[in-house]
Each structure stands twice: as structure tokens, then as C-alpha cells.
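I've put the structures underneath this note.
Same chain, two partners: chain A is paired with chain B first, then with chain C.
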Partner chain A sequence: MGLPCGLPGGLALPLPLLLLSLLLRAPPASAANANWMYLGLVGVPPPLQQAAPQGSGEGEGADGLVMEDPELAEARAVCGSLPGLIGAQTNVCMEHPSAIRPIAEGARRGIQECQFQFRHERWNCSTNEREQSVFGYILERGSKETAFIYAVTSAGVAHAITQACSGGELTDCGCDPGRADQRTTPQGWKWGGCSDNLEYGLQFSRKFVDAPERGRHNSVESKEPLKDPKARKTYAVRARMNLHNNEAGRQVVSSLLRMHCRCHGVSGSCELKTCWRTLPAFSEVGDLLKRKYRQAVQITSPRGRRRMRRKSKSPRSGGNQSNRGGRNKWKRSLSKGDLVHIHKSPDYCVTDPTRGIAGTSGRACNKTGSGAQSCDLLCCGRGYNTQVVKHVERCHCKFVWCCYVTCKTCETVMDRHTCK
Partner chain B sequence: MTAHRSTWAATFAVMLLLESTVANWWMLGMHGSSADLNPLSSHRDNCLKLNYLAERQQQLCGLSENVLTAISTGARLSIDECQHQFRNSRWNCSTFNNSGNVFGGVLSVHSRETAFIYAISAAGVAYAVTRACSRGELNECSCDSRVRVRKTKKKWQWGGCSEDIRFGEKFSRDFVDSKETGDSPGGLMNLHNNEAGRRSIRSRMERVCKCHGMSGSCSVRVCWRKLPPFRVLGEALAQAYEGATQVRLSDKRRRHTKSKRLRAVSREIKPPNRTDLVYLEESPDYCERNDTMGIPGTKGRVCNRTSPGLDGCRLLCCGRGHNTRMKEVEEKCQCKFVWCCKVQCQTCRVRGEEHTCK
Partner chain C sequence: MQGTIVENLSGRKLSVLVALLLIAQVVCFLIGGLIAPTPSSAYNVLGSNCVDPGNNTQKWFYTRGEGSCKNRELTNYRDAESMLEMANRVVFVFQIPIPRENVILDYSRWQQNLIGVLQFDIAYHSENEMKPRTTITIDAKLGYRNKGDPDDAWKPYASSVEERSLDCVIDSKKSDYFYNCSIVPLFELGSLHHDYYLLNIRLPVDHFKHMNEGLGQLESIYLITINQNGGFTKVWVSLKTVFFPFIIGIMIWFWKRVHQLARPPALLEYMLIFLGGALTLLNAPLEYLTLYFDMPFMLLLGDIKQGIFYAALLSFWLVFAGEHMMVQEDNRHNHLRVYWKHLSAVGVGCLSLFIFDMCERGIQLRNPFYSIWVTDIGTNLALTFIILAGISAGVYFLFLSYMIWKVFQNISAKRSVLPGMSAVRRLHYEGVIYRFKFLMLATLLCAAMTVVGFILGQVAEGRWKWDESLEIEYTSAFFTGVYGMWNIYIFALLCLYAPSHKKWPVESESHSNSVSEEIEFSRLPTEPSEISSLASFARKAALD
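Moving on to the complex of A and B:
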């Protein structure tokens, strides 16, 4: 099932788009490439001034459909000021202006989840609000971390768009129509309620998130002419890696799709049972992706072949080295849900601005314990400083008749450890 | 090989010139250090022969026959423990047999590593002497009788032989600290760390109890204080090493007294107390071989490919990468119990990967 398009916006695109793409290319590309994920950091900026914006662009559903011009103007107003998008992505925005908020929300969700999942590790998914590339030079390297970022943001968009569909925020989609017919299944229940239309979300994510990579993939010369065949090859391999990880992120969302059922009938007798599909909480997606991150596969793309291959013949890192299980594992081909990477990760210990590494100096760590957050691992052997921190809290609160609460202020003194 | 050796000898000669106040008593912990002592001559004479001891140290050594053994044990304990605690680090507490200064040029920097060496060796002497006391090997001390006077709350009483850590500490202070003076920042730092090492024992003394009475009815319960395993102290000091505080000499003069003190370099950092380790200078880079410093570097060290920690190839090899080779290890396997009473095993050859730093 494709995207329901054919909205009037599609007809009059070329001219404004040309303008737009010029406009968007204009801002000086910061050190690293600008990125649509920037929307997740700054949100959708208010529409440009010329159009009279109605709320957040949700209201243009029924009444805006007839009048072509105002809608186009509004779409242009919304999509014109977006940072970090490439032409194809602006196209998508012009077609579905109301989807841009869910997209930004998806990116935000992805970045937030990334920061949550990596909060204790040496690389903590730190972002830079001043840079349109969001993650700086980290994304330039095809490491495991980059793989995670691509997967989680792509999943975030699919997730957020699907939710927006079910919530009625988008005009082009609603609940899953395939699950809405009232027929009874052989198991004796009916599809009912609002099943989340994940298929739409996935397609949308494919269309929007994959756009930059498809651009890289097909027309390398569009951006800057890469004469050197070697450079062109690495470029293509990198695009393939990103596409794979984007898809892996979406795959994780769909693998976690749940079914919810409800009983109806006299005192819950379950004479009638209706079921619908719901999205997983995004934290579940993050958890699963983190697991996949730990088992990410390093790949190469042999000359002249389109398919990617595992690079090492050794079993997955940390895996059991028993002869029986190991051999099969080596030969197992890449599955769609695996995260893949080209480069090895740096150690992320020492600050290195040229590679976008913040380093672990100054990070709070755990004096005892052996996890990733322990000073031992986080500080990379540099040791830690101890500070005495005063916590002022309200405590021993009592209710006094009538009607107020008196509290005391308590000071607790704690040691805070930060890496040297 | 000889040329190699001579360069090392030259470097150490340089180092000895640079570091005239090196606490050479650590030599006692090296294997074969007391081989040239004559077992027939008196212990006093033997102690005088050890020219790497300071005068006060020679006096203490000559106190009685077993003092020298106890100190040697202490030095050995601390060197072993240091090497155990740092087995995974870039600096692996390597020692040099042919140098008067056991740990090489690492000590010429007042770094965290130096702080650890001083602390663990002061603790080692206190520990070994205390142990020797309770075994009755030294004339000057025995079990701790002061503990017995203490009141106990519950149904047990002090008894047995409580190990006298106070004596051990005192001896260690007398012996180890005799080389240091509080004039220089380095001396102050060493004194502080010596004391921190000794204090690490006191708070970790264990209480061991035994039941007495008819068929173990525990009608009488007797308890005594015992030294913890030395590994516990090593771990505690390694933890202190991780959290060591960088200090500098404070400029403040306090009410006419000219006492020099060490203070944390920044006000935000918690001031070090007596159990914390302190250091003055940042550690050198232990990655590359440095002959003048006596740092062997991490080239050729065995590393763990999958570990994210310090022993992992990535950190240990300092980004130089690693070599992998297959290595055959002989292991005992397919062990069977044979009546009665033997265990018969076969030796299997297991192939495993070994990674070494480039």
C-alpha cells in the first residue's frame, strides 16, 4: 500500500520548490552536514509571516481542501523555514504539511530515547543545539553509534506519524482501514476500535527519512561531483548502511506491535470480543534497539556486489566461542533487523572536537559498582574528583489545622564524583 | 642483549642521580635481595650491610633477628599487591631487579601512581610487622592487650590474640617515614600517602569469634581482632587511587607557625582527609616506551578484545591496534574420579586467541 497522494499540493510544486531548495541550501553548511533530525532539537519553527497561520496547521482539514491557494501558501509557510531538510524531504513536507510536527516529534523522541539509553556510557548521545548536524562529526563516521542514531530516529518518525494518524492529527490517514471491517475472525473475535496504522507510518518514514540516502545512492553527483571511484564507493556503502539501519529501526517498531482485546457483554461475559493493534511504548523500541546495538554487525560491501557482507568471520563479539554454535553464526546472513556499521567506534574517552567526541571528563560517575557508569569504566583510568554537594530539601512536612503545611528545610551533604 | 642491558643500566644511573632520596628499602621486597647476607653473622651486622637503608632504618632492622624478615615480607606483599591491582592498567607496576630504585623512573613524578606505591608499601610494612608480632616472632611486641579491657555489649568477650595494629602502624611510621621530611611538597605528599596507607588497615580490622562450651554450645564466646586479607587493603587503596586528589602547597601562613600544608588544587574539590591519597603532578603517558623514565610502554601487553575497560585492547594499546595469534593452551580435562581416591585427568590442548598490543 502506498501513500495516498494526489492532494492538490502535488500539482503546483516545481516553482516554489525551486525557490525553497535554493533557500535551504543557502545557510552556510556548518562543519558537518545538516540533518533533518535538527527538527527534533528545535521543533518546528512558526510558519513564515505571509500566511495567516491557523493554529498549528491541524485545522486546514475540511475547509482548506477546496481552496487551493491558501493551503499551498500555508504549506510553503510551514515548510519554507525548516532547517536541515533536503529537497526531497521538503517535497514530502509540501505534500503533507501537517505531518511535519509529528516528524519533529519523532526526531525528538528518537534523540531523547538515544540519550536515555546511553546515559551511562562513554558516548552519551550528546547533541549540539547550535549545529544543524545535531550530532556533529559523530555521524560522519559509520560506527555502531551512528547506526543506532539512524535506527532510533527512523523508528521515532514511524512511531510518531502512526500515533498522529490514530489521533486524527493528519488528514491523509486514520486508523488502520484493513482492520476495521466488522467481520468475525475464525478465532471468534472482531477487529474493532482503532488499530494503529503502522503501515502508513512506516511508509511515511521510508519516504521522508530515507530520502537523503536515496539521493546519495542514486545520484551521487547531484551534491558534489565525486570523481574518485573510491570515494564514490565509500559514499555508496555508507548510504546502504544508513538505509539498512533506518529499515532496522522501523522493523523493530513493527515487531513490537501488540494486540489489545476487550470483552463485551453482560458483566464481562465476553460474548463479543473486539481487538485492535497498538503501538509499543517508544521506550520498548529503545530497549530493543539498544540490544541490537550491542550485537551490531560490521559489514563490508565487496566490489561489484550490491549486497553487504559481514566483515569479520569471528562470532559476534562476546559470544560463546563453542565450535558448534559459532560456525553457523558466522555464516548466518544479515537479517533485516540487525544494525550494521562500517567503522569501528572510537573509545570516546578523550575530548576530540575534530571528530565530534565530547570525552568523559567532567561526567558524573559511580564510585562503587561495575556497570558502565562506574568511575572505573567511565573515566577511562584517569580517576575522578570528589566534590561535596549540598542538597537543600523541604522535609518533615506537617499539616497544620487549617489549612497549611509547614516544612523544615533539610540539608543533606553528598559526595559527587566526576571524571578527571 | 648486552647493549640493551647497558642502556638500561645507564638510565638507572641517571635516575639514581636525579632521585637521591629514593626510598630504597623496597629492595628488600625483591627476590634475592638478601642472598648476599651471611647467615652466620649477627643480624645487626647484616642490617649494616644493607647500604640502601637509611640510618634509622638500619637501627630498626637491627632491633631483633626477625625484623628484617618482617620488613622484607611487607615489601614483597606490597609489590605483589601493586602488580595485582594494576595488572590491567597501562602502567602495570613493573619492577626492575637491577635498579636500586625498585619501580624505576615512575617515582620521579609525583603522580597518582607514586602515591599508590607509597601508600601500599607503608601499609605492607605495618601489616607484616603486626602479623609477626602476633606470631611471636618479634621481641618488641605481642598481641594487643588493650583490646581486652574494652567492654563488650553482647554475650561475648575479648580473648585470644588480637593483632596489634597500633604497634605495626607505629613501626611503619618510624621505619618508612624516616626517609621523608616535611620540607618539600614531595616529602609532604609521601608522608600523607604513607599515613593513608597505614590508616587503610585500622578501619578494616576484622573480628573473629569462636564458640566454647559443651559440644559447641557456645556458652562462652571469645572474640579477637584480626588483620584483613591484604587483598582487601589493596582494593581499598586502588579505589583511593582512582579518587586521589590533586594538591598543591598552600601559601597561607597560619598564625606565626610556618607549617606547610597541602591543599586541593581547586576549591570545588573536596579537601582530602587522612585516608585519601594525594598527588602533585599529572601522570605521564604510560603508552609509549620511555627509557629515561623507565616506562616499558604497553607494546606487547596481552589485552582483552571485548572488554570496554582498561584491560581492553582499545584502551590498553592506546589506539595502536593489536595483533592476534592463535595460542594453544594445555588444560586438564575429562577428569574422572577413580575409586579410591584419585582423580584422573587427561590433558587437552585448547586453541584460543591471544591479543597483544602493537
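Moving on to the complex of A and C:
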């Protein structure tokens, strides 16, 4: 694996202390590893001339092979320079080099949606651009927030890949022509058509996003020296949790698909009808995931963990979901679309640089509101400062569909509250 | 009318024939279910946004191949004045078919037709709310290219500036949520003659004409293309190719038999030949020609052929019921004129559907972007014709039910006086009753199966099983099954309702008819009471 801990430059703590704190508090799964979600922050860098593997765990050496195939060389140039990928993911990238751009877009969409959804909460889904693990400690914690991040980025990749397939920019989207007849693509397509792009998007997300967890899940021993069987077990539980949440994110995307039909039988009658499904706006996915986040199930008992394993392996979904929270959470049946976590959320109120928690001081809050953005809740009882600011905004706008808008500017004077 | 084969056929022969036809029916169903793929498939194509550098409305914009344009993200709501021009210069490009598994796909002529539907993803924006109904103006241009042509050699196929209305609703008014917009039918191509197609769409903005001003924050446009599946066409055409000679053969046989009789052909025989002819027209595998020639009128032709077939079938049922009325003045019937009231219902219905079809698909031959439904006048016109057709259908079924009810009344009336009749008359009436009941049974069965199959298909479609692989392709099975069923039905009609060669006792003859024929007739599986009535007949004859 790559970096044991993406050391952010801004952190003043010495390394031993950081490691110590991680060992003490965090589940001993792994330290803040580089993560593929980093692509969502930095995008896909321009391809290198000669692929020079950069720190983040290449599957194979680039220089050992003769570069006779220009496509392969290009793929290597693109995939070689990517930060945060593990070996298996680099392999996926090598197979589908054009997919890396939609993947980065998916990660970006996921992170953006996360920040939008949590803009008023104590944890506001802040990212650290200098850190390849993107979310740092939060991603390792195994809390509800971890679950949300995994789900939303996995959903983002499925969403973006599906869209890229429909746009024709991703040319290697699967066709999967028919069940019984195993025809190759052109003939199969002419015979019976191709499957929906969404299936490919979901499949691809499974292949790429789940790769690190599968690696963890299957070969726990190989990479990290986890001699302690208990630690290994915890590690595997975390992998299962991530897999489940990844799948939950994808499940949400497919549950939000809209179906449309068109009749085109004799004289346009509905004797013959063809239906298709369209993707939802990603903000809908984010909203539903946020709802699932609020009802996230904490798995504490070994029995619950076993159930999670079973559920994440079995393809059928549980379907119904109850809003029952409380003590006996693990007793309710866990459905495929539920978010699960194994640890409680940390305290997001106070700044904790060792864990990358920014705290809520300085955040804008709502004095009169009652929700999460209310000053009472957001400031954790520390009180707030009030400033009078002149707010300049656009108003009375007239829009034209693509790109044009005429607005007036309106000035309002308002109070701005920030947490102490 | 003299006796037909169905009355004179022994029960064993009849059951063998019926069994053979049933097997053929099952085979038709299975061919559709196991071999054929779904009749058609739909693909979502996301439009790429190209920017026209000048104002080149003649230029083709495409996204793949040499000289393609770059996809640009639509940057929404910039304040710069120059951005106004932008809206008029953005071209939404759809190059179809889209590649799969790194293969550049091309359309096959077996795929027959192409329907294009637009779907607008419009995000909600609190400052730019959309009205529930907006009229949008679409400047669409469709081009084609064939294999081997250079990448930029797009040739124009059709172009038009079309107005469409867009109904958009939103449940939760949140920023960046998409409106739930109605789909916008864009074009319908009756032939898929070329390999690649390219659609360029602009949404021009004009403040003087208030053109496209009401459009919200458009995020993307999807084009949904629906084409028939090549495999389905192949199976369908093979089915037609098999049925075609069979029906022609049985028609020739039928007509020969009719001409062997001394009398001129009866009305029912004319109707049967007409029905066979309509079916032959439907069966003619003209699809083979589309593999070599561009025939965009195939959709219209298919509708017309189907319409003629329905007209023939409906008229046949009417005339059949009328001819079995068993009223005394037989000469009065036997002319189509007698049925003008009843048949006019069929005529009006079919004519109004024909006019509607000509207005929709006929005009689409000239302009594939045309649709009668987009304007209010057109919609009203179309609805008028469809309602007219519906009313005629209702009137028709009233007539038909009335006639069938009449026939059944006559049957029961006749049955009570049957034993007291002379042998010839009795045989005649029993034959009439049997013929009628047989057809009633067969028709009801076919109609019920069609309706049940259709409803099942609709229900199955509504549930849209997408993640379990269903082994039987139900929709295709329904189509081939129903198609085969009506073919078999008409085949059986032509076969069983052909005049029998077995001599009937003629009115002038004496009552000393041969015993063997009586026995053969008595074997018919009509009613058990038949034998006892025969016995009573014998007694009566002896008394006479």
C-alpha cells in the first residue's frame, strides 16, 4: 500500500504522536491511506510522457515492458500518474483508460454533494486538498459520516459512468447482448440490442470503487503486517462495512431511476410499447442518501456483523426499511440500501488537528432557526459573534436557457452570526 | 348455401386437424418467446454541446471521427452580454448509434425503423421557475452517413424548425433538482436505410418572438432512440414468409372448390376470399425489399395493411352472423348491399383511422419531424378521428352483438321445431347451427387469447423486470403468437368452410338418401340430442 499517512503540511504535530493517537483511538484498520477519491479533488492530471509511477502503489512497473502498442502506452501514461489508486484500480484504469475521467467526475460529484448535504452540520464534509486521503481520519473512523462518504462517491461513479456511456465519450461500455445467444457486440446489437447503460455504470462502480475493500477483504495478511487476529478481524469488518455502503449508494441510484415509455404500435397505438429508464439528478441521490445517513444502522454485535456480511454478499435486497432506531437496531433486518457503520461519530465541535476535525468555530450559523444550522446546535453551546454585513446579491434576474442572464444588484444589510 | 367441410368432416379428422393447428399455434408462440429478442430497444443518448463558432447553420457538428467538435460544459448564468449569442450557437449533437465495447456500431437495415424522442433535464432554479407548460422551438437537422464515407461526409436527410410543448412539474422545489418533464417526440423514420445518423439540435432564442424564453436551466438533453431489433424483424419476416404461401395455397384450393359447384359463389365465400386476400397482403414479406431499397413508407404501409385486415375480419364476422340468421327469405341475403348499415360502421371507423394515419405518418414521409399532436388543432383533429373510430367500433360491436343474439334466438326457436321438419330442411338447419357455433367458439377463443395476452403484456411491461433475466421474451411471444393465431384462424376458416363435395339431399330429390351419409353426419360432435333427433326424424320420415 501507499503512504501510511498522508501527512498534511499544515499539521504541527510530530509524526510519532500522530501515529500514537491513531493507534489509540482509531480502529486499527489502517492509517489514513491515499484514496481514489482524491481524483475528485484534483481531477485527472495530464498524461505523462513516460509513465513514472508515483508513490501510490502501482500494480506493475512501467518500464519493464516494451511499449509497442500506442494505446497501451497511452493508457499507461494516463493511469501511471494517478494519485491514490491501488494496484487493482490501476489495472481497471489500464483496461479502460477513457473511464478515468468519468471516475474523477464521479468522485467530484460525490464530494460536492456531500459538502452540499452537510453544509449546515457540525461536520461539513470538509476536504483537505493536500492530503491524498481526502477526508483523512473521518474516512477511517467507521462512523455514519464514513458510511455516507463511501456511499455517495460510489453512487457518483455509477452516475458519471452511466452518463459518459450515454454521451458516447466512453466507448467501451458493455453491451451484454441477450441472455441465451452469446453473440459478439455488433451482431448481438443488431440482433437483440444492448442493455441499459446503467447496468454498466453499476458494474463498473463495483469493479473500481470496491477494489480496495475487496483487496482488504480477501488478502488482509498480504499487505499489512497484522499479526493480531483480532485486529485482522476488525479490519475485515471495516472492509465489509465499506462494501455494504458502496453498494447502498449504487442501490440508491437505481432506486431513483425514472421510467418512461413510448407507444409505437399500429397507428401509434400502445400495442407496442418501449420503455427506458433515465438517471435522476445527482442531488436527488444526495438527498436520499442523507436520509439514509440519518437512519444509518450501527452494527455493534457480532451477530449483526455476520448479517451484514451475509447481506452484502447476497444479491437480493431486503426492500422494506423501517424508521425504527434505538437500542435494538441490529434486530431489524438490514436492507441493501441502508447505510451501516460500526463506530460512533467523533465529536465535531472542537478542533482536533490530529484527526483533521476542523471544529465549528468560525462557521456561519442561523440565529433563529432550529435545525442543524441553528447557532445553538452548530456552535456547541459556545455562543456566537454577530457582525453586520452588507450583502450584495443579484436579483430580478431574467434568464435565457443556456448561458445568459441579466440581473439587477440588490444590496441588503444583514446580521451574520459566526460560532465562537 | 350448401354444406361445408366442417359439417361433413368426421370427428376424428376434425380433431386431428384442430390438433395440428394448435401445435402450429404453440410453435408460433415459442418461436417468439425463445428465438426472437424483444421487438424493439431504446437507447439514451446524451447530447454533446458543441459551439458553433460562426453562424454556420449549414455545417454539421459531430462528436466522433475526424474533425469532430469538442464537448463543452454549459456554463450556466454568466453575466456577460456576449453570452446571449452563446445560446444561439450551442448545438446539441447526437451521433447515433453510440459505440459499445470499443466497436463503432452501425445500423442494420434489418432494424427497420427509428423513433427519436427528446428528454430535457431541466434543473430547478428558484429565480428561474418554469411554467407548467412551455412551448419550445427546436431547430433540428438530421443527417446520415454510410460506411466507407469520410468522417465529415454527412448528408442532409431532413431538417425542420418545430414547436413542441413541454410539460414540466416538480415535486420538491429544491435547487438542482430536475423537473419531471414530459418526453418530446421528435422524429419517426420509417426506414433505417443508412448506417449512421447525426442529429443537430439548436434551441434558438429570440426575444421578439419570445422564442425559447421560458426554458429553465437546461442541464442536458437526452435523445432516446427506439429501433426495432434486427432479430425480431428476422423472426417476424420468416414467419410471414412461411405463412404467405400457405394462405395463398389454401385460397386457391378454396376458390377451385367453389368453382366446381354448379351455383355462383355465395356471399360468404366472397367474404372468405376477401379475408384471405387481406391476410395475404399482410403476410407479403415486403420487408425483404427494404434491405435493398429505401422505403420510408413502410410504417404507413404496415398500418394500412393492418387496417385492411381488420376491416375484412370485422366485415366477415358481421356477414357471417347475418348469413346464419336462418330467416326464410334466403335470397334477400347473399348481397353485401343488405349489410350496408352494419358495414358502414366498419367503413367509417377504418376510414377515420386511415385519415388520421395519413395525417400523421403520411406527412412524416415528407417531414420526419412532423407530428399531428403538437398543435392544438392537430390534436383536436387527431382526437376527432380517433373518437370517431372508437364510436364506430362501439356501434359495430352493438350491431354484432345484436346479430349474434338474434342468431341464438333463432337457433333456440329452430331447435324446438327441428324434429317436426322435413329431412332436408332439418339437415340444412342443423348444418347452419353447427357451422355458426363452431365459428363462434373459435372466434371467441382467438379474441379472448388476444385480449388476455395483451393485458398480460401490459402488466408485465409495467413492472419492468430488469435485473432478473427472464427466459421467455414475452412481448415477442405475444406478437408472434397472436400473428400466428389469426393466420391459423383464417387458414382454418378457408379450409373448413369450403363447400363440401359430399352430396347433399336436394330439395327436389326424394327422401331416400343414402344411409351412410346420415350416419357420417350424425357422428358430428354437436349435441348428444342429435342422435335422438335423428331417430325421431327416421320415425317422421316413415310416417311421411
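Basically, the second predicted complex is superposed on the first by the 279 of 420 C-alpha atoms of A that agree within 3 Å, B and C clash if a C-alpha of one lies under 4 Å from a C-alpha of the other, contacts with A are read in each partner's own complex, and residues count from 1 in each chain.
The rule is simple: a contact is a pair of C-beta atoms (placed from the backbone, for glycine too) under 8 Å apart; a residue touches a chain by one contact, two chains touch by 3 or more.
Because the structure is a prediction, the values reported are computed rather than measured.
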**OP:** Kindly classify A:T386 by the partners it touches after superposition: chain B alone (first), chain C alone (second), both, or neither?
**Re:** first
**OP:** Go through the superposed model and pick first if A:A236 touches only chain B, second if only chain C, both, or neither.
**Re:** neither
Original post:
Taking the superposition as given, does A:D347 touch the first partner, chain B, the second, chain C, both, or neither?
Top reply: first
Original post:
Of the partners chain B and chain C, which touch A:H417 in the superposed model: first, second, both, neither?
Top reply: first
**OP:** With the two complexes superposed on chain A, say which partner A:D287 touches: chain B (first), chain C (second), both, or neither.
**Re:** second
Original post:
Given the touch rule stated above, what does A:D376 touch, chain B (first), chain C (second), both, or neither?
Top reply: first
**OP:** May I ask you to decide whether A:K367 touches chain B, chain C, both, or neither, giving the answer as first, second, both or neither?
**Re:** first
Subject >> chain A residues touched by each partner, larger count belonging to chain B or chain C >> reply: C
Original post:
Overlap of the chain B and chain C footprints on chain A, residue-wise?
Top reply: none
Subject >> Touching residues on chain A, where the partner in the complex is chain B >> reply: 122, 317-318, 347, 349, 367, 372, 375-377, 379-381, 383-388, 415, 417
Original post:
Hey, which residues of chain A end up touching chain C in the complex?
Top reply: 163, 165-169, 171-175, 178-180, 185-186, 189-194, 196-197, 199, 258-262, 264, 266-268, 270-278, 280-284, 287, 394, 397, 399-407
**OP:** Going by the contact rule at the top, pick out the chain B residues touching chain A in the complex.
**Re:** 89-90, 112, 239, 241-245, 268-270, 305-306, 308-310, 314-315, 319
**OP:** Would you tell me which residues of chain C are touching chain A in their complex?
**Re:** 34, 37-48, 63-64, 71, 74-79, 83-84, 86-87, 90, 95, 97-103, 105-106, 108, 110-111, 115, 117, 119, 121, 123, 125, 127-128, 174-178, 180, 183, 185, 188, 203, 205, 212-213, 215-219, 222, 224, 226, 229-232, 234, 302-303, 306-307, 353, 356-357, 360-361, 454, 458, 461, 464, 466, 469, 471, 475, 479
